[in-house]
Structures are given as C-alpha cells and as structure tokens.
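Shared between the two complexes below is subunit A, which has subunit B as its partner in the first and subunit C in the second.
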Partner chain A sequence: MSKIKNANRLTGKEVRAIAKQNKKIIRKLEAYKNRKAEETEYLGHMSKPENILEIDNLHTYFFTEQGVVKAVNGVSFDIPKNTTVGVVGESGCGKSVTSMSVMRLVQGPTGQIYSGSIRFNAKLDNGETKVYDIAKMPMDDIHKIRGNQIAMIFQEPMTSLNPVFTIGQQLDEVTFINHPEATKEDAKAKSLEMLDLVGIAMPERVYDAYPHELSGGMRQRVMISMALASDPRLIIADEPTTALDVTIQAQILDLLRDLKTRIDGSIMLITHDLGIIAEMADYVVVMYAGRVIEKGPVSEIFHNPLHPYTIGLQKSKPTLSSDSDTLFNIPGNVPNPVNMPNHCYFKERCGKCIGKCSGEYPRMIEVTPNHFVACHLYGKED
Partner chain B sequence: MAEVLNNENKTSENILEVRNLRKCFPLKKTMTGKVTQELVAVDDVSFTLKAGETLGIVGESGCGKTTLGRTILKLHKSSGGKIIFDGVDITDLKPKQMREIRKQMQIIFQDPYSSLPPRSTVGGILSEPVAVHNIVPKSEVKDYVLDLMEKCGLRDYYYERYPHEFSGGQRQRICIARALSVKPKLVICDEPVSALDVSIQAQIINLLKQLQKDMNLTYVFISHDLSVVKFISDKIGVMYLGSMVEFGTKEDIFANPLHPYTQALFSAIPQPDPDLKMNRIILKGDIPSPANPPKGCRFHTRCPYATDKCKEEVPEYRDYGNGHFVACHLLQK
Partner chain C sequence: MLKYIIKRLAMSVLILLGVSLIIYFLIRLMPVDFIQDKINAINQGGATVSEETVNAMYEMYGLGDNSFLGILKGYFSWLGALATFDLGTSFVYGIPVADVIFDHMGISFAIALIATIFEFLIAIPLGITAAKHQYSLRDYIVTVLVMVGISLPSFFFGQMLKDFLALKLGWFPASGLIDATASNSGLALLGDYAMHCFIPILTIVILSIGARMRMTRTNMLEVMNSDYIRTARAKGLKEKVVINKHAFRNTLIPMVTSLAGLLPSLFSGAIITEQVFDLPGLGNIALDAMNRGDIPFIMGYNMFLALLSVIGVLLADLMYGIVDPRVKLE
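The block that comes next holds the complex of A and B.
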C-alpha cells in the first residue's frame, strides 16, 4: 500500500492565484451584465425562421476557488416551434445550467455566461416578432422575456412556492405583472381558469390554500399553472417529475403532453430519465460533461444511437422488458470538471477508443439528416 | 442463546419470517402518556424469505417500505407480530441478546452522502465494526479490510482517505463494504441506488449481485424503481399505505399482476422506447394521508374497479396459488 499524492488538493498559494485571476474576469463580466444598453445592441437574427430558440456555442463557467468549472462548454442546439426537445444527461453534465443560462438565472458572481449566444424569437404584445440575444441582454431588460415569454417549471415544487402566501396570491401576481391594468377580479378569474386547465378538481379551494396544504403532485400542478398564466412561447421544465411518485408522475406527464397541444408553444424538457424522454420528446439532446455529444430525432436516438455514451446509457438502465442477468455498465466516473482533458471527455470510459481519440475534441458531424454526433468513430476517413 | 431458540420455527431454509408485523407511531398523547391517535406505518405484513434470495419491496413514498425494513432490523420497536430470523424469534429480545444477532443483519442506507462519518477515514469506518464484533483477530483486521475493499471495487490507497473525497458511487461502495464487513447473512438495502446516476447505478447493482453470489447473502431490497427491483429480485412485495397488497415471485408478479394497484404501478413507468404505446392506467388523486387512512380497502379511493364492498371491508390477504398473495375483493369471487 503506498500513499499517493492527491492531485485534487491545492496549496494555499495556488488557491490565492486562482482567486486573483477569477476576481478580474468576474468584475469584467458583472459590469457587462449590469450595463445599460439600447435594444438594438442585443437584437439578432434566427438562422432558421421556424426555430423559437437557438443556443449557439454557449459557454457558462463557474469561477470557483478550485479553478474554472466549465459547466456548459460549447453547447449548441435549436428548439423549433411546437416541439418538445428533451435534454438528457447525468448529474453534473450541465443540463440544468443550460436552462438557467436561458433564463439568465445562473448564480453570480461565481457563475457567468462567458461567451456564446442564445437567440430567442420573442412575440411582442403588438404582434410583431423580435429576435433577442438573451446572452447579451443586460439584466435590467431581461424582464421582457423572463417569466412571460419563457416560463420555467422547477424540479422541487416544495421549495419553489412561497410558503407565506396563498396559491391565489402567487398566481394573481403573474397576471398583475404581465397586465398591470388588470383588476383583482380579472386576475382571480384568470388564476381559477389556469388551475382548472391543469386539472385541479376544486380550484376555488386551492386558490385560498397555502402551499403546505397541498400534496407534491398538486404543488407541481400549481407550478405548471403559474408557468402557463403568462401564455409563454417556451416552457422550460427542469426535471418536473423527479420529486414525485410514479403514479403521480404519470399524471403530470399526461398533463404536460395535453398542454403542449393546447398552448401552441414549445417545451424544453430536462431529465435524467430516458423513459420520460422516449415518451415525451420529439428531439433529443444528450449531454456529457458540459458538452452535447449527440442530438437527433427521438426515434433515431433510441433505435440508432451512435455515441458510445448514449449506447451505454441505454444499456445500463434495467427495463421491465429485458431479461439479462448482469447489467451493462460504463466503467469509471465523470472526469473532474476543473481539469478537463483536451481529448474527448468520454475517452477514459469508452470501450471503442481508436487512436484518433487521444487527439483534439471531436467535432459535431451530421451522420443522417438532423442526427448529429461528436465522436471520432463516425468521422470521414482522411 | 439456547433459551431463545424456538425449535418449532427452526425451518432451516427460511432465513427470515415476518408474521403479521405491525408498527404504529404515536401522533397524539394525553398528559398521562396514553396514545389517542396513531399512525399505522406498517400494518399486518407477513412474508417468508429463503436464504440466498432477494426480496424486492416496492411502493410509493409514505407506503411504509422503509419503516418495514427498519422494524425487521429492530431499529424500531415493533408494535405487534413476530420477526423470526434464522429460526430465532427476535421480536422481544433484549438489547444485549440482540448484539449477537445484529452482526448477522445489516443495512445499506439510501443517501451515501449522509450515512458516512465525515471525520473518520475509510479504513477507520471499515475496521470499527470488525473490531467491535471480533470478526478476525486484531492483527489481521487491516488485511481483512483491504481484502474487503478490493471485493467492493475500492482501491487500497483509499484506506486513508476521508468520505468527502469520494463521489456518490464510491461512497455507496464504502457503505456496502461497511455492511458486509461483519459477514452478515441478511442485508437490508434501503434504496441504495436511487441517489446515484444511471451509469453508476448499474455498477452498484452489478456489485450487489456479484457479492450476493460470492457470500450467499439474502437481500431485502427496498426501492421505488420497479425496473431496478425487477432486475435484482427473486420475490417482490408491493406495498400501499402500510399494507402489503401483493406478494409473489418475480415471474408471477410481472407476468400476471393481480392487484389493480400493481397493474397501475407497472403501467405508470415510462419505458425507453418511443414506439411503445402503452395502455396507461392513470390513477386519480393522491395517496391518502397514512394518519387518516380510508376505511375498508385502503386503495378504494383511487381504484378504478372499486365497489361498495371495498369501502366497507378490509380484503383478506390470500394465497392464489404458488405463493402469490393478493389482498383484493375482486379476486375473491
């Protein structure tokens, strides 16, 4: 038995050097975030007019004492109109940070959008559409989009409702913010309508209830109704059913599917459960260690997965229909987020490595129409 | 030990037998300490388990599956019924008598982040139970622990590291090694993989299966994830609001689920196949509060087939052939 120096441990000197460096960058990024800017400064163009959201080479970093954690490291994908895009990956792969970046909710000053663009096709009240680049918007202007054009359903319905206000007060607030001229009666009528829409049996009673009086499934329904109250064009659902039981989860998924057809919007569904993805999504984005490694239509991802990680992920999940004796497992762990290697991040855990894998990080290749993969196995021979 | 051995129960192959086990928690007490309202967390649960088998217990949150596991280990004092472990009735044993038995039954907890002491090293965590229970002579403890660590997929230089230096999967390996360090016969796994990622989950499940084969362990595997339970179990018990509604071999339960709750539970799981269109049974409403459970069959408030009889009478828990127990009025015609 030998004692091996722990490579993750930093000396005080190193920590201070990192802190000094971080301070410099954070100050610059914070100033950019809090600047005053004309609208023209952050207007952009969609590359495809049918898209509602385009994330283009997004980098969101966390400047920690251990070093820079590249939580989102060059993520690009599109969300077309009227589709559900599923983002799947294990914990720490950056799927939640991507959604937080879209909402500009990344916790500063440590967390910062470092570069890239998030173009959103916003529909204004007077009917005209404008393309905003969310990543470049100053924080003062973000209210144009956040909450009314893009709504979010959080994972933990227990903690995302305010315990000291009734459900009614919290729902009415949404209407008052979007329509300041609305009267109390209007707001209540709208709130009751929303509660009814999400399948709450006694909206009047829930309207006057406090969050602690409701069960987990009911609270999640309230959260969904709150997200819908502002008629959003895009709903981001960040693990909406993870905290719920299976029978309640089935109810909520059923509701979400039903709503998508009714509200005429798109859903970005973030989850770690491949079953939910298969059932809900039209298009799937698979993330690993802060990067998109594969994206494609749902039938392609499940019937013709290309990246070894996607294949492994699907094989390692026991299903009700399979009868094998041992589970396939991907060896090892996700690499340390501070010191990411220069080659493919999955190389150490991959069973299909070729010589090229030690080289630079693989580029995204379109293998079949609309099905992209970042893996050297599928590159052109050259 | 001899006086607690009840020879009648010494059926050699059954390692664990639970008869009409009940666990109540007091909710309200009068000033004199008399309980006026109680929560029945586990109600009249019976099953037997053979050595080397795995029993999977599934159910939604609040159905009493964790309480059942802990009551079997006597971490909670049972309120009624009998627990017979390896031929010995342990229900009323005194703490001193339990000591000998404790090392034969161990538990792996759900959350590997909070179930390891942060201030002792991995070596310390693993050697302590070995030393306390005199598993091996003092001079051999370290070698024994290192050997155990290797079996559980931990490298030998982890011996001097602290729990915070490890990822969730590695910590769960430490928890498994700790549970196995005293050579138990029965291990209760209380949601051992639900805090882990899918790819790590597969590693831990394979490890548990391998260790079971090597050490002839018996598992009680508590989980809410049916696909994991199906993978690891030989027998499955489905719980709802404190009582066992269905119990049987894995093949019986999955090929032929009889209780309406089991059927709904199975159909509610999303399957990773986009072409699969399932006839989903969506249950209405939420689970009733266990402090105030409905009269009659506890499932009748959500059951699509409920009749008047279900609202009045508690269904009998009966064997429908081949050890397939179900508690439902629909089948009793």
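The block that comes next holds the complex of A and C.
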C-alpha cells in the first residue's frame, strides 16, 4: 500500500513545531499589547499634514495551527481629511482585517498586529492635535481613539447590537463614555437627536425598543447613529450594506454621504461592490491577498485601471449594456494564505505575465500623479 | 402573564399525577417488604407470629393485594388521602409523612443553600477568568482543578476530607449535627452546627464547582465571540465594562435554565454526603426509608421533589422572560 502524500496535510511533528513557534511569538506580542506605556512611546508624526490616517507597511498575521496566515502583508495607504477612501477586494483579501487593525479589534491571541504603523491624527477635546501610532498603543490606552476619534460600522447589523439592552441604553452608553459628567437626560436627548439624524421616523419608540424588534435597515441606522454619537473624525464602514436589500442599501449610502459633510471627517469604506465605490469614494485602494496592488483617485481607477487584477474586477462587473449570457470571471483562485509565493501573488491567474513576474514581488510605482500600482508591466527598465 | 402562570400550573397538576402514578407502581414492585422485615424482627426476638396476624398486618398497611388492580386500588386510596392534603403516616416513624419531611428539611436546606451560594461565588468568577484568558496557564490550572473536582465521587472525597480534617487534624467533628457531650444553646449551638456542617458543605462545594464553572466558561466564550461584543469594544468601552456588563448579562440567559434544577436540589438533601457524615437530613432519611420500604414516606418525599421541580421549571421560564427580552411568555 502506498501512502498518499497530501501537500495540505501536516504531520504531527510539523503541527507541534508550528504550535511551539506560534506560542513564542504570540506571547511576545501579547505582552507588548498589554504593557503599560508612556504616551510619548506611541506619539508619531504624519508624513503629510493633510492626512488623517496613514497606514504604513502594516502586517497583521494570524498564527493558526496550519501556520502563519499573513492576512495583511505590508499594506500602506493614506486617508486624507474630508475624503472617502474605498477599499475593494474579494473575500479574504484582508480588507476587513486592515480595518480591524485600525480599531485594534483583531481577535487575539491568534490574530496579532505583527509590525508596521497606523498613524492617526487625533484632535483632542481641548483643540490640540496629536499623532498617535495606533499599532504601538497598549490596549489600556486604546480608549483614547476607539469610539471617540474613530468609529466603526459593521457589516452584520442583525447581530451587532446587544440583544438584552434597549437601543436607548446602548446609545446612551456612547455619550457616557465621551462625557462622563452627562446626566441621563442629556444622554437621552443626544441619542434621540442621533436617531433622528439617521432618518428614523419615531425616535422615541425606537429608543425604548430592543434590537430584535427592529428590521435590518433600522438596525444599521442605529449602528450608524451609534458611530455618530461620539462625533468621530474617521468612520470605518465595513461593508455597511452587504446584509441589506438594494433599496435600503441606497438609503444607507445616501446617509453615509450626507454624514461626511456633517461630521467634517473622513470615511474608510470597505466593500467588494465596485458600484458603491464609484458612487461614494474619492480614492480607491485595491487589495489582493493581503497586499495593496493598486491605489489612486476614483476616476483614474475606473477609467484607467492598470493592474491586470483591477482590470479583471472591472470586467466582472455586470452591466446592462452587455448582451453576453455569462459574466466575466478571473480564472483560478487566491493562493493559499499560509505559504505565499515570493513572486507576484496574482501571477498564476494573470493573462499578461512577462518574464519578470517570476522574480521578486513588484514594488509600488507611481504611474501618474497619485496613481500607484504594484505590477511589473509598468516598471521602468533597469 | 397571570394567564400564562395559571395555564402552566394547571398543566403541572397533570404532570404530577403522572409522576405519582409511575412512582407508586415502581415502589410497589420494589423487592423490599416492610411487613416481612418487621415480622422477621419479631421472629428473631423469639416470638412467633401467626399467619392470620401477618395477613391482618398486610391488610392494615394496605399492601394485601399485589395484583395490578390491587396496586391501582392502593394508588387511588393514596391519591384520595392526598386530595385532603394528607400524605399518610410513615410506616417507620409512625407520624405523618409531612411532619417527617419538615422535621428533617431544615438541616438539608441550610447545607444546600450555603453550599450553593459558595458554589456560585467561586465558580462564576473562575469561569469568567478562564474564558477571558482562554488557553492560558490560568485557564488550564482552573480547568484541571475543577475537572478533578467533578471526577471525585462524593462518598470517596467526603470520606477523605473527614479522615484528614476531622480524624487526623481534629479541627472539626467527624459526624453528626451536634456535640452530644456539651449542652450548648443560642450562639454556641449555632457555632456547634457550623462546625459540624463545615466538612459536608466543603465537600459539596468542591464537587459542584466544576460543572458550573465549565458552564460559565463555555457560555462566556460563546458570548465573547459574538458581534455585539465587538460593537461594545468598538464604542470605546473599557474591557471590564464589556465583560461585566455586555457579556455577563448574556451569559445569564443559559444560566437561568440551570436554576430550574436548583430548587429541588436545595430541599432534597445530599443523600450520599449526609450518609457519610451521618447528618439527620432529608437525604439520609429518604435513603433509609427506601431500604426499609416505607411506602408513604417515599411517595411523599418524591412528590415533594416533583412539585419543587415543576415549580422550578416554571420559575425558570418566568426568569427567562425577565433576562431575555426576546422571550415573550403567553
């Protein structure tokens, strides 16, 4: 009898070796996360003053039993003030993990920010501005930015609200976090104002309702009002409309667009829907397998996509004008996240490969002002 | 709400009838014979009992006819007495069953209540820490210790504690409820009770922590991975508030179900532990009654527990409606 060798199956020895290694790294990273630190340790400088968030060479890894999954593998992009930056990519490309890293919500101990920095330009209550490096902040200090400076809207409105507390209790809480001196009446007034702002018809009634008594669209509105209640400078919307039907989607998007002007801040919009990006975003970041492969202004990305993956994504979008019976799809699958190759991750699926593609991973190249791409096709000859 | 409770109580009566029927038949089929034991005792004393006296005794105790119809008749006569709130007279003690139960219930209840309070006070925080630091050294230590606790049988562990704390070290009395050599009263008597009950309570607490701790840990882990906990964190709440308010309130929901089983166990007495420490609690008495075929007492005792179970389940359902707003009782 011959043994069938399965490349995806690990032997007991390998599993133990991985577990041992993971344990060592996790312990180190957890200790770093839970350390006590002076504020000066995580203060930084923005490379461009007009940015509100700068993600610089971020690595977020998951230390699993099968090996290290590099969910975010050297991601860099900026979010300027008063803009909407859309992050697109297929499932599992690391866009959600990037946003979770910014909020420091990556589920430990398996998930850890391994290296890189996330610089955030925080505006304190006294008007002073400080640049925090979120990736270096200890968990004890994270409340300085979480909730009050950066708020997040999640993709599952049905399960994102606590079932045993009323909407009012959950909304009031936000006011109490940011203004501990507020009275019960103040908090209620603020909550009702927020509910009204997001277009809820009967704020008083919703205030006393439990989450299960509301529809999905209503719950997402409540989530948005919760994010707004703290007057954040940056809202991260992680696929805010994925779980909703199309008409509600349009309403929620209108609401989000309206918001940006109202809070005078920025939005990081994560989605896999190119239509939403076209409608909402000023800048687009395209991610593939844990890396940014192309980024630039929305008009550039849509009218002049450079990376073969971006071009493929554009083509796979269904259009009314086309009379084809089948949708275009990019052949192949995303590579196994545990053992990423050294060359371009898209090589196996790419129709435009050149000899250089087998070489090392392509660097980011600025093709036109502000339009970057990581592809050998556009590399200068050297 | 009131309508719901009344409906449930009406249903409970039917359940209790079914329970009593089953228990009565089972007891009558049990291979113990109170009368035979009594006659044997008399015979050993040297006297002889005539056949007629034996038959008369069987008739007197209502155990004469062991056919199906005879048992059914016996059941209905028991039920008829119950309708007038009469549980019958205990064969062994010769006094009403209700009196026997109430005489011995106090001590069982006191031990169970104190043990349960400690069980909750220790197990829930342990479960929460274990969940919070899942797969850490702390989690493993707590888990292993409570697993040892679950695995030890009470007759063995109780005996060990007794041997060590009472016989070797002599810190506590080994058995019984009061010190027969001293005549205490007031506070001194209470202290004497406490000394006698210490090891039994310790035994029960150590053996019961495990299950509740595991339950808390599992519930907590499930809740901690849910989306609304992520939302609570994203709001900027301190981790302590996230766990003690948002997560704990949700772990209460499954914990409430386990309260249903708690009510009867508070009164039933710990049969084996009471046996080991020779405490005159309800559990001890019930085991004795079972061995001696004291049918009215066994019936009364079991019906008492059945009633408590039914009430416990009803209370748990009502509590559900309070802790989980998604549950509507009607």
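One rule holds for everything that comes next: the second predicted complex is superposed on the first by the 375 of 382 C-alpha atoms of A that agree within 3 Å, B and C clash if a C-alpha of one lies under 4 Å from a C-alpha of the other, contacts with A are read in each partner's own complex, and residues count from 1 in each chain.
Assume a contact is a pair of C-beta atoms (placed from the backbone, for glycine too) under 8 Å apart; a residue touches a chain by one contact, two chains touch by 3 or more.
All values derive from a computational prediction rather than experimental measurement.
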item	value
Contacts of A:313 with subunit B and subunit C, given as first, second, both or neither	first
Partner chain(s) touched by A:103 [first = subunit B, second = subunit C, both, neither]	second
Touching partner for A:64 - first (subunit B), second (subunit C), both, neither	neither
Subunit B versus subunit C as contact partner of A:275, first or second or both or neither	first
Partner chain in contact with A:329 - subunit B first, subunit C second, else both or neither	first
Touching partner for A:91 - first (subunit B), second (subunit C), both, neither	first
Chain touching more of subunit A, residue-wise (subunit B, subunit C)	B
Footprint of subunit A on subunit C - complex, ascending	135, 225-228, 230-239, 246, 249-250, 253, 323-326
Subunit A residues touching subunit B - in the complex, by the definition given at the top	1-4, 6, 8, 90-91, 215, 217-218, 245-251, 253-254, 272-279, 298-299, 302, 312-314, 316-321, 326-331, 333
Residue numbers on subunit A that touch subunit C, as the complex places them	103, 105, 107, 109, 139, 143, 146-148, 151-152, 154, 156, 159-166, 173-174, 177-178, 210, 212, 223, 226, 230
Subunit B residues touching subunit A - in the complex, by the definition given at the top	60-61, 146, 156-157, 159-161, 165, 167, 169-170, 197-203, 205-206, 209, 224, 226-228, 230-231, 254, 264-276, 280, 282-283, 286-287
